[in-house]
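Here come two complexes built around chain A, the first alongside chain B, the second alongside chain C.
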Partner chain A sequence: MKRLLKIFFALLLITFSGCENEELLTPQFDYEEYIVVQAEIQANRYFPAVRFTKTLPLGVPYRIEDAELKNVTAYLKRNGVQIIPLLYTSQGLYKTLDDLFVVEGEIYELFAMRDETFIYSITRIPYKPEITNAYYNSSTYSINASVNAKEGEVYAAMWIVTTTPAVKADDYYAVSSADPGTNLIVATSPLPQQYRGGNYSGLRYIQVNSFDQSFEAYFNSRTSGSEITDPFVQGGGEIIWNVQGEKTIGLFIGVSRGTPQMVF
Partner chain B sequence: MLFVFSFLLLNNCVEDNLAPPFTGQLNPAAEMLVYFESQGDFVNSNLAPALIDAQEVNSNLTNYLIVDLRSNSDFQTGHIEGAVNILNDSLYNFMKNIDAGSYPKIILVSRNGQSSAYFTCLLRLAGYKNVYSMKYGMASWNHFFSDEWLGALSDAVNIASYTNDDFPRNNLTDLPQVVFENPGASLPERINSRIKKIITEGFYYSNNLPSENISYIVCYGKMRLYYARRFVTFEGRGHPPGAISYLDSPDFELRSGKYLQSLPTDKPICVYDYDGQQSACMTAYLRVLGYDASSLLFGANQLFYSRMIDEPDLREYAFSSLKINNFPFVTGE
Partner chain C sequence: MTINLLAQSDKYTLAGFVKDAVTGEALVGTNILVYYDSINFNKPALTGTATNKFGYYAIPSLDFKKYILIFRHLGYKTTIREISLTEVGRSETFSIELFPEDIRLQEIIVEGEKQEKILTSTIDISPELLANLPTLTGEVDLFKSLEMLPGVGKGSEISSGLYIRGGSPDQTLTLVDGTILYNPAHLGNIASTFNSTALSDIRLIKGAFPAEYGARLSSVLDVKLRSGSKEREKGTVGLGTINSFAAFEGPLDSNSTYLVSGRYMYYDIIQKNFDAESTTPRYNFYDVNAKVNLSVSEKSVVAISALYSKDHAYSPSSVEDTDYDIEWRNVNLSLNWLQVNTKSILLNSIVSYINYNFISKIGINPASLNSYTYFSNPNLTDLYFRQNAEIRWHQDHLFKTGIDLAMHNYDVLYSDVYTEALEKDPYAGTDITAVEAAWYLQAESQFGSRLSANYGGRFYYFGSTRYFNFEPRISVAYNFTSNIIMKGAFAIAHQFLHLIERNDITLPTDLWYPSTKNIKPSYSTQYVLGFDTYWFDQSYAFSVEGFYKDMQSLYEFKSSIELDPLDDSIEDQFTEGKGEAYGVEFFLNKRKGNLSGWIGYTLSWSKRQFDELNGGKVFYPRYDQRHDFSIVLAYKIIDDLNIGATWVYATGQRYTLPPGQYIFDPVGTGGDPQIQFNYKGINTEMFPAYTKLDVNLNYSFKWLNTNFETYLTLYNVYNRQNAFAQYVVLIENEEGEQVPVLKRISLFPFIPSAGIAVKF
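Coming up: the complex of A and B.
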């Protein structure tokens, strides 16, 4: 029995130590350049620019002149058919030649090539959030909204207090999704202490935005404990991006902004 | 137990990240669109089709390089003094071998200004920004060369079937499938190689307007070209049945962001305009992109000339003896 136990512990040791990655013992600080793609495509607006930049080594001050990529061949494919070139303008921004009005429900694909790196992303432009109810939750101090969920969309909300000047939450609190056709509660982060009183009743608003569903994975991975403050600049972490390509990160995301709803 | 641990050992050491690198290719026709638009989208701009009057050429005989694209026999019969005779199959190499930038303008000359407009646009797409086409070709240089143009002025035999009815554009479809001959080269090299091939193939034109059943007929111009006004000759008979309007400047409806992709990829396309020169330019562009396009020779001048001269908005595009000069020419080599 003793011999069996010895074998057992020996194998256990091998199992947990044999596959140790050497990189963990000798950390590498070599700089790896990543291509960074950024575009937030809003419904019922003209198509914005797509920004192509590269990450810079840690410690190098971020200057757009150093980070921008000028040699990207890029185009959009709208609704699976129409090819619309993206042309370099300045500061890494690539724009369409003619104004392109973005409509809810459209699908945009991004195709790009930088040197030998092929880059691809796809997003659907969500519909404006359909809010059926909004209220201030005095126990969680957040503002909640009830939204009619739609296929392929996720929702996130921010609080706004229309003081002079108005103040707004720094970020979304959570990204929520539900089966299409069902009602979904979307919550803001808790209001700061000073805006919780009755004297701010009527000055508190909730703004719910709808996103392409790929935003949920990005948001949840971004907020899962990483110390990275600006992933588009630093490019690290375990963030789930919706832009595909070797050593390529970024978000190419459809957004529809809701009308702010007043709550009491 | 040993078996279980062996299994664990072998499995634990397999790298998690075995996904192959993400690869893919851009669509060649889309790449060309990106390239042309990044270069100013010449064909869909007010610079196209880069025509130049015979008067200006005559005033600059010593400054401009004049490239006569006609056959050698036509050239010997009569040509502009100082012109060089270059056929289309050697045009691209000729341009490569000269110091094109050393000339203020390079003028392409053909019999009627149709093929020269076509090749001018191809050279513009290849990056030669100082190439122009002599308007109406040798026909406007001297009466000696104008018979063909004057003979083309006519009204279509089926003019009674012309209409002001709208014919809708097709829904958008994919771009044509294009294969570059030198896929490993840079994008400008790939495109220029394709343009060279298209120049060598020659000018694609139609002598007569084909039937709508055979071809997708594009009327490329302004509204006034598509619709016949009231109280003019052929009132209400603006265009042949089936012809589809695509507006030129300032709408440029054949631009990628507009309706370019409503053109069919499985059917020939015949483009007509006022006088065949702008349509020749557009045809050149469409062929580079992979469309099976041709230009109707002489444009509306051979379809409804009576209306062209009757309607003030169209009159400037109607060819006539007023547009023919009496400039000198030389014969022989």
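Coming up: the complex of A and C.
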């Protein structure tokens, strides 16, 4: 090992040069038109509207006047008996002729036809969530609520801090479900660092909303359609919709908003 | 020199090892020709054989006569020995050492076969050739070089492992000195995790492998490392632009040698200082290899090996939307005992401990304030025992048999939320223990002068599923002439361990998971047909091989996964499917002379079908490549100056692109409608063709009585902006409207790198 003494190093010759390169291109791929349907039907409110649009190709700005569909024939069926026509108003929105008050437990079906495409969906309006307990979880920094699970419903929650102005979570953290009659823990996303202290203990709320059960599959798959902002992420997963029809995507969903619960 | 060996019956087996007289290394592929008492080159030899990967040979069925043996090995002086078989003892060991010739090697080239012309889809690669090929780090880059062979696909520039004949990297069995390596390559195949300065023998079997190999679906990479020189203490210390390495070897005493090496790659430090805004993952690794070889007797050699490697890839601060921190670690300890018993049966026993740990912490959209939304930590621990026996009972028939016993423990931790407490919780995750056992029997036979075959079978048992099965294997070669050989093969293989990766993330997210009651073993059926031809005194070889591989019970993650370890079983997040791959490979190989190398072309298809992915329709995996063309050349300009070049042109990697955009309102939370993208299928589009030219210059010189080796590598000479990723982003036009356009990222432009190594 004495010969180790003979070792000496020589340094690198060329400086390491810059790496990745970015360029923006106009996409030139086959465009395939899809029908897009959306309606969020809230309990204890008037029926809002169903929006019918079409997808647009990449490389052009999204304008509602280019995307809206005006030639859809659509109607609702309430509780399997009452037929309610939907009429085009503007920006792809189709509304009922008269105000239609939505009640918990009702079942709504959507029937629509555009050219040769038949569209169908069904949803049940969930009941207002029945919260038995709400508390701040200091280990996960989330606000949790115990909810009595009901048949065909799933639950998601957001935190609210009633500062001035009030702030709330941008999104749900997760969608939870359980067997009917059991107690279910629903959690918000972690509170931001600045709202975790004791001085906010009386300002923290949790709002739990209940949804038709088809929301869970949509929620868990929805990011597949989001914009990608990182080169190491690839889109292309399937979003699980509850609207049926050839080359049709969309969500026709019943929602019931809960009353915010204060936690300490 | 005359040697009197003893015999007691009418037939005699002569066996032994052939080694390098200077270094003591086993010589693989030494030809041994046996003549009666005089040599007449006008007549063919009485019989002959070649040494196997341990440098071992056996010649059975010899009479009690005087023989002359000729030992020939490229680069070594041909040695002749006279042997008289006269007395007691039906077999005896006769080992010999060959002396290297002073002249430089003329033949250093990849060979389609060495001593076993029976095997199809098999390529033996010379370490000397690898040393002359361009590499980014200046070290021998085995995996990048293997990617130049037909049938071996090119993954992305940061993917690791080998994509062989439409199979994923986990489908290749990597053996280093007989021990399994779960992750044999560092990120981007930038280097192997084992000591690339000590490569002794490299064999790649691309499909339909013989019965002695198992536990993987598609292919085998069998690497043998040197044992360390018995001549004197030697060392190599190298300093490069992105990594440095050191290797030392020498005798411990007259019967034992050592070899130890280490390497540190500091790409992240270079990036931070020279390219701070780069979004390329920050990356470093180090590895340490050690081997001690002990010759217990002429018939018995024991080797103890250890390997430790650790890789770390993490997101640079310049990336805001994705946060990741990924570490993986290999630990391998093995004891390898090679012995020849009294009946000239070669026994190779291996006991090994393997630990592979992989930690992925990834936050794709950290807006949720929970920085990591995907956490997985599979920890694999194996205790292996393997014993192989090789018996040449007849000149035309070699039998191999062996057993594999393994105790596997898989501790798989996963979650959609990361906390340190969870990572350290010894009771979290899924803990599975399984026993795997296999027994194989294999024969290599010559039937007459033209037909030869490698045939056998493998019986498998996997404990956690109580799965028992049989795998037949056969490979046949027919020599129309000495220069035209027709080959065909058939094999069934099983794999009990699945590598399940995230389809939506191109970073490494290895999740190895064993077969269980619900997760079936994968299995493949493979067919190969082709021919080899040789020209100009075998200076040139040309081969064509067609292959078809059917794969069942493959597993991938579902499109959307839920990883709450309290509510969801990880197995519920997997989906089962099947696949097939087929194609044809062309390989023109110049094997002799100052200019050597090969041209390879592959036309192939790889397909997958999962009921729960892509609407149940068939799709192509990312690494499906229709065309793959490569040229590899090495030229010896003068004795101390070599130039190497590689050029590749391949179909671009597949990726998923949405054909349309739409708006959607956030549901239940309020807020403005957002532009979303409608994806119609998986991997429907392709990147532009991948093409790249790399050139390498090696120069050796002596200064102050010390040997130096320098290299200059020009990576991506014509600065091709090969796409690493393409995806849709929103930009604002002049009217302030958002417009989706395509963003292309390319990683490695023209990079000159240089380094120097000191050898003493």
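Simple rule for what comes next: the second predicted complex is superposed on the first by the 221 of 264 C-alpha atoms of A that agree within 3 Å, B and C clash if a C-alpha of one lies under 4 Å from a C-alpha of the other, contacts with A are read in each partner's own complex, and residues count from 1 in each chain.
Please note the rule applied: a residue touches a chain if its C-beta (ideal position, glycine included) is under 8 Å from a C-beta of that chain, and two chains touch if they have at least 3 such contacts.
Keep in mind that what you see is a predicted model, and the values were worked out from it rather than measured.
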Given the touch rule stated above, what does A:238 touch, chain B (first), chain C (second), both, or neither? second
Using the superposition on chain A described above, determine whether A:84 touches chain B (first), chain C (second), both, or neither. first
Name the contact category of A:255: first (chain B only), second (chain C only), both, or neither. second
Classify the contacts of A:158 with the two partner chains as first (chain B alone), second (chain C alone), both, or neither. second
The chain contacting more residues of chain A, comparing chain B with chain C, is C
Could you say whether A:34 touches chain B, chain C, both of them, or neither, answering first, second, both or neither? second
After lining up the shared chain so the two structures overlap, which partner does A:58 touch, if you call chain B first and chain C second: first, second, both or neither? second
Once chain A of both complexes is superposed, is A:209 in touch with chain B (first), chain C (second), both, or neither? second
Can you list the residues of chain A that meet both chain B and chain C? 4, 7-8, 11-12, 14-15, 18-19
Report the residues of chain A in contact with chain C in the complex, numbered from low to high. 1, 3-4, 6-27, 29-34, 36, 38, 40, 53-64, 67, 140, 156, 158, 169-174, 189-190, 192, 209, 211, 215, 217-221, 223-238, 240, 249, 251, 253, 255, 257
Complex contact set, residues of chain A against chain B: 4, 7-8, 11-12, 14-15, 18-19, 73-75, 81-88, 96-98, 100, 111-113, 118, 120, 244-246, 248
Quick check: in the complex, which residue numbers of chain C touch chain A? 233, 235, 237, 239-242, 248, 270-271, 274-275, 278-281, 319, 321-322, 324, 364-365, 367-370, 416-417, 419, 503-507, 559-562, 564, 613-615, 655-669, 671, 674-683, 685, 704, 706, 708, 710, 712, 721, 724-725, 727-731, 733, 735, 737-756, 758, 760
Show which residues of chain B lie in contact with chain A when the two form their complex. 1-2, 5, 8-9, 12-13, 21-27, 29-31, 33-35, 37-38, 41, 172-175, 187, 255-258, 261
